[in-house]
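For clarity, chains are labelled A, B, C, D and E in written order, and residue numbers in each chain start from 1.
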Amino acid sequence: MASLLEINNLSIDVKVDKETYNVVKNLSLSIGKKQKYGIVGESGSGKSLTSLSILQLLPDVLNVSEGNIVLSNDLDLTAMSTKEILKVRGKEISMIFQEPMTALDPLFTVEHQIKEILRFHGKYSKKQMDDMTIEILDKVGFAKPKQLLKKYPHQLSGGMRQRIMIAMALICKPKLLIADEPTTALDVTIQAQILDLMKQLTNDYDTSILLITHDLGVIAEICERVAVMYAGTLVEETTVEKLFSNPQHPYTKGLLQSINSLGEKGKRLYSIPGNVPSPKETNKTGCRFASRCPYVMDVCLHEDPPLFTVEDDHYSRCFLHREEV
Amino acid sequence: MFTYIVRRLLMLIPVLFGVSIFIFFVMRVVPGDVAQTILGTDATPAALAQLRENFGLNLPLYQQYLNWIGGVLTGDFGESMRTGKAILPDILTRFKLTFELTLIAAVISWIISIPLGIIAATKRNSKTDFGLRIVSLLGVSVPNFALATVIILVLSLYFSYSPPVGYVGFFENPIKNLEIIIIPAIVLGTSMAGAVMRMTRSSILEILRQDFIRTIRAKGAKEKVVIFQHALKNAMIPILTIIGLQIGTLLGGTVIIEQIFSLPGLGQLVLTAITQRDFMVVQGSVLFIAFIFVMINLLVDLLYSYLDPRISYK
Amino acid sequence: MKSFFKRLKNDKVGLVGCIGILLVVILGILAPSIAPYKPEQMFTEHIMEGPSGKFIFGTDEFGRDIFSRIVYGAKVSLQVGVIAVGIGSIGGLVFGLIAGYFQGVVDQVIMRVMDVLFAFPDILLALTIVAVLGPSLTNTMIAIGIVFMPVFTRIVRGSVISVKENEYITNAVAIGVSPFAIIFRHITPNIMAPFIVQITLGLSGAILTEAALSFLGLGVQPPNPSWGVMLNASRTYMEFAPWTILFPAGAIVFTIFCFNLFGDSLRDILDPQLK
Amino acid sequence: MENNAILEVKDLTKYFPQKSGFIKKTNNYVRAVDGISFSIYPKETFSLVGESGCGKSTTGRTILRLQEPTSGQVLFKGTDLLDYNKREFRKLRKDLQMIFQDPYSSLNPRMTVRELLKEPVLTHRLVSKKDAEKLVQDIAEKVGLSKEQLNRHPHEFSGGQRQRISIARALVLNPELVILDEAVSALDVSIQAQILNLLMDLQEELELTYLFISHDLNVVKHVSDRVGVMYLGQMMEMTHTDELYDNPLHPYTQSLLSAIPSTNPFQKKERIILKGDVPDPANPPSGCPFRLRCPKAHERCAIEKPAYQEVKSNHFVACHLYDQSENPKQARISVDPTSAAHTTKVDG
Amino acid sequence: NDESSDKSSEGNSDAEQTLKIANDQEPAGLDPHKTPAHSSVRIYSKIYEGLVTFDQDMKLVGQLASDWEQPDDNTYIFNLVEGVNFHNGREMIADDVKYSFERIMDEKTASHISSYFSDVENIEVMNDHQIKFELAEPNATFLTNLTNSSAAIVAKEVVEENEDLQQVAVGTGPFVFEKWVPDNSVTLVKNEEYYVKDEPKLDRVEYFTMKEEAARLSAIRTGKIDMTTLTSKSAVLLDKEKNVDIKDYQSLEYSYVGFNVEKEPFNDEKVRQALSLATDRESIATVVWDGKATTTGPITPAMGDWAIEVEDEELYMRDIEKAKKLLAEAGYPDGFSTTITTASTYADMIDTAQLLQQQWAEIGVKADIKQIEWGEYIDTWSNTSADILIGRNGSGTDPDRAMNYFFSTDGSANVWNFSNADYDKLVEEGKRTIDQDERKKIYDEAQKDLIKLSPNLLLVSPESYVAVRNGVKGYTPYAHNAEDIDQTYKE
């Protein structure tokens, strides 16, 4: 499968009070055409930042300090000028943000905010825009899209706003859709509908999807490949099947254990002991999961673990594999 | 909303009533004697007493008030004690000028300040920003009377130009009217611009870091669209407040500018009336200005809710 | 607080403003030791002389040293600015917060009273206050402060109305935070940006209003100098003695500029997102 | 049982005026919550599930009077909350807490986490100022926030981290009843597990009662004692958790359950994908609100609104399929055999 | 219409002669009987006329009266010019004269000049063109009072129709009132039927209110106006200007320091004299008026022979030692503290106050300055509520005003609580003495007395300036009629 987007050795730095921390470190991954790629990981592990960096949307205090992101093998997104990246945003790559409540401009109607994208990326007649808008709203599950058009974001529920976001992201039929927790705010029926829609889209328009979520269920549902992140690093990467059947990294194992324990009322859930390390801690060398890892070894504290190839198409960043390989 | 407007308009009654009482008694508290001011040094006490009587100033206060407010309610603001001119028509003619001046000055100030404010905000802490901030500060801190005097001086000394003397209304002779108005409007406009620019800069900065701006960028919006359509509209509430205030102030008359440019505006009327203790004129014009303020404020409040759908008035 | 100074130290622009303000304050306080002459001392042989070694800013129509007058004037002008804006801004803040937060009847009453105040010609208001409280510079400053109040009130109220719509306000209500605490802890810090801007704008307004009121005999009494008065008095000499207007104007611009620089960086410092 | 409920919601409605045009004339109402009733008993977890926009959050907010209800009653320990004056109610809020759905907008951007956590403690004077710090650190640790993060501002946190701050902010007060509006939806599984454990521990320890609003049916299943299913501002079905998951009666519930994503990528299951969308709550359909999307809808559904009734002990449902009134028509209708839903047995 | 007015504004139109005059004050109203404001007088004096007037040498000449006779000291008979029409076309006759003076003297009118004619006992119309005034006592000021612009002859029907004459003006003068744009301009047009041949020369006169000196300066420079009054400071600036001539004349005004002579310490003549000795009038002339002012007694030098030489007056020669001595004698060896009140509206008054403050400090008098706004100042003046007031007066056209009016015990402008029986007698005598030489002697003495008594310290009388564009001819200002434009025309 030819790759559509390649992230090579990406590091993102943040400057706080004159000190620089590394919030994403040496992250590499590659998303193929028509592929549905998932990123899971601990909250705060840098998933959102990674996705923001793709479209040069990082806040001012954060910047890409290393690495590059290449679209369709030849477009280096990190090196693009502001003008060039505009053509990519919303058209080639579109994005759904995590926070539905504040991601919409409170002063504009739904209609305006959707049609706007059409205006940014091409010339459409009024009629065409109307039709496309209605169609996409219908697709994301609104029964009466017409009535929705004149509404303002504050008049909508969280889920409704999220679907508006999705509609905006899909209307230009992008090559890559980055969805940052697209269904977190949605109930299962709508979630199912949305996921269905995304699948359909990849089929219809050859759109690839980069899905960021912490819901392994969602990943299992639609993704083909998955990357697991922890504290700014990619700790495991493989196909969905392999990840679920044969998790390698201790963190992934912990995660899976957590979901599988869901279900029985009253029973304690499994959770990985300890807490996400603070940026200060992650700045040191050594495995970032070491403080919570049940299999921690000496080497983990002093050396950054490299990404090991565990089996065909299955990578894990853990010293446990050193002996094995 | 409609009922809101009606209610606000009804609020005019107590407000204007309050203003009328306030101004009426203020005029009686402030020392000064209209008769003496009019008749000057030559008048005999008898003449002074007679004049006061002619003005009804010897009546009990409540009676004076009732006479006045009774007239006002029937649309008769009375006549100037000093010049004998009917007050309301005079106010209205002057208001036309003041209104025109305000409008042009405001437009000039927006043309200057909003784009500059935006530029300063987007180039925050750059040299451009710094330069623009200095310029805006000059606008704010150089008093407009000084600016006006300098302009007059420079124009007459180096360009042998001075604005036409003798005011003509816009509908009589628009070109001459504009020629008269334009320089004072520019002076007022630049001094207003400083404040609006600073407000624009700071509220745009505030908006630019909201999450939804990122969404708009992600949609592929040009910076122009991001700024002018979305950020500006969202930043508009504080800007609007300041603009409303400025317009309110200007509509009350701009004494110094009117004086420097010999414009027969409201400010002159009020100032002269105050220093001459022309009670009737002061009372009438203050009442009128209060009315205008309330209307402007109502307009601004309505604009708030027009701009921001989240704001609604019940 | 500690981090406040630390951050101020890092913010060069704000620091410049802060130093400038301090300079002016020191000028005002130490005027007798800084000024070479008494501000009212007349050198009748040196009327309207341009800047020279003896009179570095030149002399005015009485042959008084303009530099000394500016130094002494600093105190009056600063006082007027700070007190008037203090009254106006604090009053405006309180009323604006109350009006904007509670809305309804309270809002209507406060705002309409402000409308009345605002509609009043400031000169008349000042005359009234001086007539009631007696003539003094302090009363004049109070008058200017009251004149400014409606402006601050409107600005604060406008911002409160939009800040109030935020979910974190609802959240605070749910916690059980009292309206008072919501207003001061949650709303006030979030409306500081326009408020601080208005304060810095108000300062120059106050210094100039003092001059305008001096014109009516309501400001500082001669021969005591204030910058506004100096500016006003020298307006007619602009053509042949430009220094008489240039230096007081410069002093005002400088001070306002420093206040603005400081105000801007204060706003930034108070904003955690700009750290 | 009725009388010892800690919270009793009776016929609660909340209509939002809907405005249009510049003049913003109110021309219609959004019936966000349209007459729902339920009770919550001490120490239990009652969950509200339902489609996005069906009025779950509004229910929560209205209970806490963050929005004044249009009508109805909310009895907390037998007293109507609507009877309290503002001051009294503020005191009461200590016992009634809510965790907001959106962690992005519900934290004041200008306060540090420490300030945010201290505020409720000091507001209700739980402890002295000195001791507050300790309390704050404890709760922060419990929700998984480190000490140095206390000095940070909300915008420096990721979504999940912010949600934890919100949770800490509510729980630090030791409330009796907590409304959790999608409290764990934004969290990753591990943290989610941690928080859910925490919630359950606290429930046990402090005898808390939860109103759990969520659309994550896995989590709901895990935490709740009873579940209410809402649709378009109305209660569709309500029963014990096990009963609901094992034996959902309402077609809507059935489709909901079928839509739960499984975490096993090898086992893709069949699901009922509903057609259409939640109707506009401003213009609800006649009769049954769900009928437009219901795979089992029939004529009666359009004409008559189904009654909400107890069809089995402690199992309430609002659907004509289970109408026990002696309406003969109803008898003819049974489960549509062509329906893709599996394991739905209807017992009479 | 626009074109022609535009052309005339450039001053090169032969067709229409328009003179544009800028003034610093807005007229207060146009009723000559009710409005003393100078800003009004200069306008209505072009519209209305009185019975007699002054010529350029301050000699009485007839205006609406062709001549007059005085059968006895108390009686005046005026023969009116025939064929004089009001601007409304009706002929002006003796009945109008009678009506006008009755209106002035009617209490209801509240005229500021009613006191000028308080001696008039009877007015009798002899025929349409002859009228007789009978006075109760001989009054030397009667004729000069008649020259006052406010002693104007108005038309009864106009008064009756409009209640008063503030906004309308129908007189017999060379110019006809056309319109008044408040706070901007008053326009007069030529009275085509004016009875004096070849007058006026101008077709239109436009008075513009331009309060701002800088604006007037700029307008005269660019030729937007033809004529304006200026301060001495601006006048200097125009010296270089080729197209503008500066015309100056000694004004009838003088500046003064007024004491409340009932209040301590000013009830003591010696204190007042000490302050006079401490006052440096030269320096006031130099600093405040750029040297363009002369020291003056109560009658200003512009009044010609009436004024006395004051240079040699003892109290005018600055003498700190003597002043201190006087103060000590009065019981204030270390001086005292006081407050000088002045009007903030006029820079020259504030400047004068500041100079005096410095000068008096040398004899230990510590004075604070209190400047007050005009309305309050007038109030303070009329109620004598200040200890020391600085102001400016016009000394009028007859010495009686300067002497009697401001300083006699009953003088209606004596707000100083000043009362001196001898002085009262002297000025009363002056008023009743018809013989001019006799009269001058009396006033010479009265002036010297007044300076000695020092109820006011009379300071300096400034020069006035009129800037005129080159093309304007036939205009010469003089103190008692600075705005006479009857002969003026434009080249």
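For this structure, a couple of remarks:
Keep in mind that, in the parts below, contacts are C-beta pairs under 8 Å (C-beta built on N, C-alpha and C of every residue); 3 or more make two chains touch, one makes a residue touch a chain.
Chain-to-protein mapping (UniProt): A = ABC transporter ATP-binding protein; B, C = ABC transporter permease; D = Dipeptide ABC transporter ATP-binding protein.
Nothing here was measured: the structure is a model prediction, and the numbers come from that model.
Any chain touching chain B (ABC transporter permease) that also touches chain D appears here: A, C. When the C-beta contacts at B-C and at C-E are tallied, the pair with the greater total is B-C.
Each chain gets one centre point, the mean of its Cα atoms, and the points for chain A and chain D are 27 Å apart. A straight line joining the Cα centres of chain C (ABC transporter permease) and chain D is 52 Å long. As a whole-number value, the distance joining the C-alpha centres of chain A and chain E reads 90 Å. Among the residues of chain E, those touching two or more other chains are numbered 214, 373, 376.
In chain D, the positions touching at least two other chains are 102, 104-105. Residues of chain A in contact with two or more other chains: 16, 99, 101-102, 154-155. Within the complex formed with chain B (ABC transporter permease), the chain E residues making contact are 2, 9, 20, 22, 26-29, 31, 34-37, 107-115, 164, 166-167, 181-185, 206, 208-212, 214-215, 217-219, 221-222, 224-225, 345, 373-376, 378-382, 393, 405, 412-413. Across the complex, chain D meets chain A through its residues 16, 18, 20, 30, 49-54, 57, 101-102, 104-105, 144-146, 148-149, 156-161, 163, 182, 185-194, 196-197, 200, 215-219, 221-225, 241-242, 255-256, 259-266, 268, 271, 273-274, 276-280, 282-283, 292-293. Across the interface of their complex, chain B (ABC transporter permease) is touched by residues 13, 108, 111-113, 115-116, 118-121, 123-124, 127-128, 131-132, 150-151, 154-155, 158-159, 161-162, 165, 193-194, 197-198, 200-201, 204, 208, 211-212, 216, 228, 231-232, 235, 238-239, 245, 249, 252-253, 255-257, 260, 264, 267, 273 of chain C (ABC transporter permease).
Within the complex formed with chain A, the residues of chain B (ABC transporter permease) that make contact are 209-212, 214-223, 225, 230, 233-234, 307-310. Partner chain E is touched in their complex by these residues of chain B (ABC transporter permease): 30-33, 35-48, 50-51, 54, 82-85, 90, 93-94, 149, 152-153, 155-157, 160-167, 173, 176, 258-265, 268-269, 272, 274-277.
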